[in-house]
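Given below, in the form of structure tokens, are the structures.
You will see chain A twice below: alongside chain B first, and alongside chain C after that.
Moving on, here comes the complex of A and B:
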């Protein structure tokens, strides 16, 4: 067994499978490292396909931030009408899923762990992309289009930090990458397929509790810079409204801050340090609410505002 | 026997093997002692291990901040009355800056007032926004608490969602053991600058021993034993020599003997061994003591011990006839809820 990280796709299918069975497949994903376990074949296929360029090792060779085991909810569901749930080591309200949706269970487990277990960063529910000049934080409710906009900006050449979390460290006030595949739903799947090309999209998981889901893979260049943080220069609050004319409105700093705080999963827990870091971030960035009716409009406005913010 | 508890208590180094280290950190997290462990090991740790330990401290710090805030609101709620509640357990350790409080998780505020003040305290807290926790806010449960228990039903604050447990005794009124908690209340000391009190350091150790070994089923073994170890370490020499007599006076010789025995066995605590010897009596390992030891040192395997402690926790809480009636009521309530549950 080697102790260096290799892209998942360079590991053999048997190695990945036996490592998952042991619960010892270690993935390095920017600021967080994760240990995964599971018995489902669908999980092996998903990791080899959708996580193909992500650094992994069979081990574990070190302590990890997060450990998720995708397992049956109880003894019976292991054999009869089989189901899986994510087990991140603490009690979570997880809907049992059929075995073919084990990848979704894993993603849910990883997201819950980042949101609830990791306290080194102030964690916002947001997507983040960036370039050498700095980062764009996109904050929206579920279904607000943050992942779609992030994936569209990736096609424009921005690098992905994370499609689910804005991770703000409290010492230097920088956003840190946690590049995992971008989760896309329903119509967004086709839109992003068109923008990024078929070869960057995972097979679609149909009939999930959230409808159809597909993932846009992370690019090797983004994995190479997964340890490089950036300063937030632009904060976007996209609002989807079907068929409306696109409009952008600059927000005062205080309002931007008050919109960001409720989206944080651990702001209340970190107290003063999170308050100071969030204020600093908002003070050094421009914030806009953008209302849009289709992806082209939101992308056009984001491109334009990024230019204004010096990105 | 494993040495996890010794590593958690800072007596041994973290394992060098990454798999064992990862397992230990997960064990500590699951047993709510990650923050305390961080306190002993963070300085020597690096990289991911340090980051995971830091996580434990962040959560403990949040708990402590919540606790200080709630203690402030508690004082406000009781202002102008003669009620000066004693802060129990974790709250007391944090408020007095004792080693047992460092990095400790605290989920709620436990307080104690005199039996005669319980009604007034309840009224004042309700007036200040606390209300009985959903699920026990029905007539049967409330009456059950009032008639048999040593505390009010848990009170949750309606806007802050924080929990406070108001005790007037140390164990249920129906319990087979009883302790002279009035003597502990009498010698409680003010926390400087507040209208809140804590038990004396000796009484805090005794209360912790009662809580672990004469009430409940020893549900957080590592945390409880670590707590006792640190509380004992914090005692001055005169306090240590007063411990045995005080335990006898309060009627708590047995749980204190169990605590001292386990500290000697699991953590090789020499002070505990000496005190256990001076407590006298035969050092027999009876069934409960065997079970405590199993549950502490083999938490994953000790099925028989867990069953013993589960049954014991109920049997020492109330006489068998009451236990049967109460269990029947709970069973009926449970089955009614199952039957009335809508499909889907």
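Moving on, here comes the complex of A and C:
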């Protein structure tokens, strides 16, 4: 077994498959190393396709930050009416999925692990993109359009830090990348396909509990920059309201802070350090609530506000 | 959750060691170490915390100092409003009744 990191696409299908069966495929992306296990062919195909440029190694015995095993929920569901769940090493209320949705189970497991196990950084439920001048933190409720906006900004040349998490370092006050593929749902899939090109999209997973889902792949340049953090210069709170006129409202910093705190999964756990880091981040950024009715409007406003924030 | 009931003799205290105050533009944000909660303070709440950070005070002795601190008369800032704000601050643990020495 190789202990050298190589892009997933340079590994053979058999090597990936046997490593997953052993539960010893390690992916390295930014601040987290992730050990993955699973028996499903759909998971092998997904990793070879959607994680194709991500550094991986086979069979390491080192400790990783995250470990997710995609497995059957019980003995019977391994063989009869087969199902899978993510097992991140702690009990989570996971809906059993058919084997073809093993990639979704893995993504859920990875997200839960970052959300519930990370104590090194303050985690916000947010997408983050940026350029050499700094970062844009996009915080929204589920369905608010943060992933779509992040993927649209990627098409504009911004680099992806993360689709699901703003990872705030508590000493430096910087946002760190963890660039996993961007999860897109329903109509957003076609919109981003058009902006980014088919070659950057994964096959669509149909009939998931959240409807159709496809992933926007991460670019090699974003993987190469995964160890380069950035300072938040702009914080956006997108609100989707079908058919509405686009509007942007600058938020007082205290209000921005109070909107961000509930989106953090570990703010209360980390206490004073998270408070100070969050205050410093908000202090140095401009924050806006943007209300929009379509992706073009949200992209136009984000582009304009990024310019105002010096990005 | 307030510890009540309280009397006019109850002395109130804002424990400076348990809170961190930070300014964000013209708003004051406070972190309460015991609960891990963060609150935005209005000018009245901030004045109450400032006055009760110096010494424990009964409501009746603190109220005139609070009015002086915010530069308002009772007509503009009714005593009942100050009393309600005391209870709200007690509710979130930012001020506490001082336990009498045995």
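Note that in this section the second predicted complex is superposed on the first by the 310 of 311 C-alpha atoms of A that agree within 3 Å, B and C clash if a C-alpha of one lies under 4 Å from a C-alpha of the other, contacts with A are read in each partner's own complex, and residues count from 1 in each chain.
By definition in this document, contacts are C-beta pairs under 8 Å (C-beta built on N, C-alpha and C of every residue); 3 or more make two chains touch, one makes a residue touch a chain.
Keep in mind it's a predicted model, so treat the numbers as computed, not measured.
Q: First (chain B), second (chain C), both or neither: which does A:258 touch?
A: Only chain C is touched by A:258; chain B is not.
Q: Touching A:59, do we find chain B (first), chain C (second), both, or neither?
A: Only chain B is touched by A:59; chain C is not.
Q: In the superposed arrangement, does A:271 touch chain B (first), chain C (second), both or neither?
A: Touch status of A:271: both partners.
Q: Which partner does A:282 reach: the first (chain B), the second (chain C), both, or neither?
A: second
Q: Identify the residues of chain A that lie in both the chain B contact region and the chain C contact region.
A: Residues 268-269, 271, which sit in both footprints.
Q: Hey, which residues of chain A end up touching chain B in the complex?
A: Checking each residue of chain A against chain B gives 24, 33, 35, 59-65, 67, 89-90, 117-120, 268-271.
Q: Spell out the residues on chain C that touch chain A in their complex, using ranges where they run on.
A: By the definition above, chain C touches chain A via 20, 22, 24-27, 29, 31, 33, 36-38, 40.
Q: Which chain B residues qualify as touching chain A in the complex?
A: 18-19, 21-22, 25-26, 29-30, 47-49, 51-52, 54-55, 58-59, 61-62, 65
Q: For chain A, which residues count as touching chain C in their complex?
A: 252-255, 257-258, 261, 267-269, 271-272, 275-276, 279, 282-283
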